[in-house]
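Beneath this line is the structure, given in structure tokens, with notes to follow.
Order of writing sets the chain letters: A, B, C and D. Residues in each chain are counted from 1.
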Amino acid sequence: MNIHEYQAKEILRAHGIPVPPGEVATSPEEAEAIASKYGGPVVVKAQVHTGGRGKAGGVKLADDAADAAEKAAAILGMEIKGLTVEKVLVTPAEEIASEAYVGIVMDRASQADVFMVSSEGGVDIEEVAASQPEAITKLRVDPRYGLLPHQAMGLAWALYDDVKQVRQAASIIRKLHEAYRAAGATLAEINPLIVTPEGEVKAIDAKMNIDDNVLFRVPDVEAMRDTSAEPPAETKARDAGLSYIKLDGDVGCVVNGAGLAMATMDMVKHYGGEPANFLDIGGSSNPDKVVTALEIITADPRVKSILFNIFGGITRCDDVANGIVEATNRIEIDRPIAIRLTGTNEEEAVEILKQAGFAAMTDMDEVVKEAVSLAHGGSD
Amino acid sequence: MSIFIDGSTRLVVQGITGRDGSFHTRQMIEYGTDVVAGVTPGKGGQMFDDSVPVFNTVVEAVSERGANTSVVYVPAAFAADAVLEAAEAGIELIVCISEGVPVQDMMRVLPFVEERGARLIGPNCPGLITPGVCKVGILPGQIVAPGPVGVVSRSGTLTYEVVFQLTRAGIGQTTCVGIGGDPLIGTNFVDCLEAFEADPDTRAVCMIGEIGGTDEQVAAEFVRDRMSKPVVGFIAGRTAPPGRRMGHAGAIISGSEGTADEKMRAFRECGIAVAELPADFVGLVQAGL
Amino acid sequence: MNIHEYQAKEILRAHGIPVPPGEVATSPEEAEAIASKYGGPVVVKAQVHTGGRGKAGGVKLADDAADAAEKAAAILGMEIKGLTVEKVLVTPAEEIASEAYVGIVMDRASQADVFMVSSEGGVDIEEVAASQPEAITKLRVDPRYGLLPHQAMGLAWALYDDVKQVRQAASIIRKLHEAYRAAGATLAEINPLIVTPEGEVKAIDAKMNIDDNVLFRVPDVEAMRDTSAEPPAETKARDAGLSYIKLDGDVGCVVNGAGLAMATMDMVKHYGGEPANFLDIGGSSNPDKVVTALEIITADPRVKSILFNIFGGITRCDDVANGIVEATNRIEIDRPIAIRLTGTNEEEAVEILKQAGFAAMTDMDEVVKEAVSLAHGGSD
Amino acid sequence: MSIFIDGSTRLVVQGITGRDGSFHTRQMIEYGTDVVAGVTPGKGGQMFDDSVPVFNTVVEAVSERGANTSVVYVPAAFAADAVLEAAEAGIELIVCISEGVPVQDMMRVLPFVEERGARLIGPNCPGLITPGVCKVGILPGQIVAPGPVGVVSRSGTLTYEVVFQLTRAGIGQTTCVGIGGDPLIGTNFVDCLEAFEADPDTRAVCMIGEIGGTDEQVAAEFVRDRMSKPVVGFIAGRTAPPGRRMGHAGAIISGSEGTADEKMRAFRECGIAVAELPADFVGLVQAGL
């Protein structure tokens, strides 16, 4: 799960990391009020779940409160990488003597959390990693021992030469690790970590991603989910226990199992079509899930044909068939459907579908070809 | 022959009285698996289906019934502890079916299991099956057949798809292993390839990968450097957008890392025959055998 | 550092362990007031830093408030193993269906914390260990992983058959471990852990010892030190940075280093004397420490001679000599002193002592024989 | 020859600019120890006494100066982390002089150090000395002399006493090791006895124990089962009352465990010559040589 910059900052603040104040506005008036409270110049920052906000014009310096209203008006409603800006963060502008990067990420290859720090801050760390990998210092955190004090110091020495800044940075690194663990994060970044002209070390921008699987343990963090920042169809799918991702194609896919769903999408492309979505109905056999899946897919006007690819294992084919029939009773489905079912209770499923006027195939290649052909206005 | 499970497997089912646990225990017994015990705290002393003794702890299942393998069907919140319990009790092979285990939990489980010399498969995996001999997990028994091909996969139903096509084409399997779709897993591709290479009855291997991480790339190098047997590979997710989790927690392209193209390129460079479609496996395996 | 039962219970309560209420009284009137607040029968328990309170008559059941005053009057002022009872804990009497033992201790041999549990509770666990070792279940806690949930359950299954009690006990065991870690304890015991007739599991008596070296990190726990429960000389010694333990002999010993101090005591005994104390002035060379050491020793009326045994390493012999001279200036020392100094700055020390009228030896055996002889009214 | 330290020892002093660290660094250099670096965070780039470069971290001392041994003089609250830092930096021998280290800290330090294949001596110990060659810690150089006897002790000044008596009697030492008086220590009696047994120049060993714990008893069994060289043993604390901590955190009789009588009995039963008084060492060692 992604959370916004202002939410990540709340978490960091709660763990004692020095983060300048800041409040969220959803209108230019609110932004103005916040800015006038702080006095002096402020930064107005788009709160969207994507990087590259600065380049897209989503981060602007405002000289005073009136200017803040103007900048907020420009940013609110802006589209950044397909996401509409609904909120801006207004925060006092800080004087910056130097910028560094501090991040921790769950690293699959080392099966542990890995810290990455760089004195090249304020820029995209992936670019730094590509152009000057030697500018990044990494540290694997042994999950059995956690982050050790001298390790935090070692990372901080990679950022600064002055022991006063090193001690501040080491403290921030330790607290970032605590915040990361407590929130169940898989990524936490401070970029930039700045030094002010007075020598104070502060976190100016922050990012955190949370492990979906840990949310049941951290209700405070789960409550930070911003459904306004994601397509409504994905919210609806998640609430129904489906895994759905919208794409730009015209063949709507309903599959059981993530790997098979991806392979189905790939095959749609292979046979000249474009998948409209990723959709995994999971291992359960609840017909309601199938109904919801069809509701979500038919709500996408780009979808021209619907493809079912079910390999029954735990999932029972007859349950899926019943779901299809149920859905056609509840909602009008005005697009052609190609169905493939095989495995557990396959025969019952074929019979159920037949009664309702649907044909079912058994071969994956064939059903994909058929669905692509249907999307292109072919046989039906 | 086979890898990891065979006729000497003595299975304890952790969470045997739960919905999934009880259903699949019956399936495993029906398939011929030697299910020697179940564990559900508080149900110790009961019998499951009048045939499998239930204990409160894994350590009792080991000492009373000689269990050497365990399969975990407990809810995600308790799955990591169940794996730790099995490892501490001396179980040699632990298969964790549970989905949704926090990655923080797994991070501590992996070294614990390794220190005790145990093998973990999963979590979030369908388990494994040695056709005609033993099945541990949820793989459907009716789609496999004994034969010379090893199968290892990060997926569930996609594995069924591939295995079923092999079986229909008359190509049986030594063992099929689903290693799971999570970012942190106990047994990876290389572990399975190593075992298949060492198994005298395995003559070719099918490897079913997907986007996310670098396990397939590492496996490709292992195939190039250390394997004599032919390997056919497939990668799901060529059409997956970057930065989105495709169902599996581990199926995500991070930045430019973990794409299907990158993995397929690694396969080709290391001499692995690449299946463009699941249906290509049959021909490529037949060519390799 | 030892803490009292009522203090250990406060810590356990703060960690969520079910502990019946209880308050401390220093007079029969207070005990009566507390008992009448609870109503019904109460237990009045001596709060002293030693085991075996029950056998010594320091734990009494009182039927009502008036009886509680009577019982408190009997217990307050009582001597248990040489310690005077200054406080009693008054706590409601509980109905008990069964008694178990749960303890965790820092175990040197396994270099880890070890849990010990037994369904044979309410009695001295050392006796159980001796008479029926099979009744005790042990678990080493791996310091890298901590106590795992299934381990707590496994210990709890060793105590109870009913899963409802097992889950309560497992929760208590986990919280006991947390309390033990948080307090920096080297021992924490619940004995007995009871089951009430209603099936509730509760901690009825508790004991904790704290690692002296961790006190700087746990000021709340350090504040629990009860100096009224130890000899004033030991408090004074600790405040001065000396390690002092009072014994019953007549040769007062001042030594640098714990091992040498013990060996000196042993040698006093070997040559027919009895050491009056253990006293290690430590590795520093502060003459003030020597003065305090002499004050403490001469305050003990049993001391008949004073023995200095100093092997100078970090400790400088001249500093010790100066301390001796300083002390004789500040306080009147009316008992004979035998001094042995060797090592760093030995010659300067001998000269300083000579100026002040003291002789110094260089051999340990000789000085001990001399001190014993002096205590027996020998040469001087 | 010697154990643990010799002419190849390249020492880094952790806490070199502190009061104790600077004093003893000078003593060690004077004795001939090759002090190649010091560490004090924030003082990196300075020179100690115009001769020893100071670094901010141990890893720099290792990479820049090839340090292979470290001695820790930092305050108790930071001592455990200093040991961890040294172990992580690849230091092979870590000698922790600091007193008052919480036992909780040591509990995590010990497996960490062991996993990295390093050896820890201490904490709360005087260190060790190989007469005429190298000293690491605070043992006074003037009381030792080269010779054939290994000395291992839980004590500080009591060791000086014994060693000085040996030296005065013309009996020199291969290495004298103070293993420390805390309940949890990195190197115990058995580790030292094993090393002395393997050292060709050591012909007899003096072992100075005290009340508390069971290390001496375990060591006695080691002497009986695995040592060919004569061992003379002493136990301090025969007159110590039970349940009281005698200065050293580890010198405490718990219940009836760890008494001097029990340890001396174990010595006798395992063929260790028992010194009743420190002064007995000379005669017993001479008899053994």
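In this text, a residue touches a chain if its C-beta (ideal position, glycine included) is under 8 Å from a C-beta of that chain, and two chains touch if they have at least 3 such contacts.
Computed from a predicted model, the values in this text were never measured in an experiment.
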Determine the set of chains touching chain B that also touch chain D.
A, C
So which one's got more C-beta contacts, C-D or A-D?
C-D
I'd like to verify one number: the distance from the centre of chain A to the centre of chain B, where each centre is the average of its C-alpha atoms, in whole angstrom.
28
Using CA atom averages as chain centres, what separation in Å is found between chain B and chain C?
55
Give me the residue numbers in chain C that touch at least two other chains, ranges are fine.
144-145
Check: chain D positions touching at least 2 other chains come out as 108
Answer with line, ring, star, complete or other to describe the graph linking chains that touch.
other
Going by the touch rule stated at the top, which chains touch which?
A-B, A-C, A-D, B-C, C-D
Residue ranges of chain D in contact with chain A within the complex
41-42, 56-59, 78, 81-82, 84-85, 88, 108, 112
Please name which positions on chain A make contact with chain C in the complex.
144-145
Over in the complex, which chain B residues touch chain A? Could you list them?
76-77, 100-104, 107-108, 110-111, 126, 138-140, 143, 153-161, 164, 181, 183-184, 208, 210-215, 234, 236-241, 244-251, 255, 260, 276-279
Contact set on chain C toward chain D in their complex
106, 108-109, 111-113, 126, 143-144, 181, 184, 186, 211-214, 216-217, 243, 245, 247, 255-263, 265-270, 275, 278, 280, 283, 311-315, 342-344, 364-365
Flag every residue of chain A that touches chain D in the complex, lowest number first.
145, 148-151, 153-154, 157, 163, 166
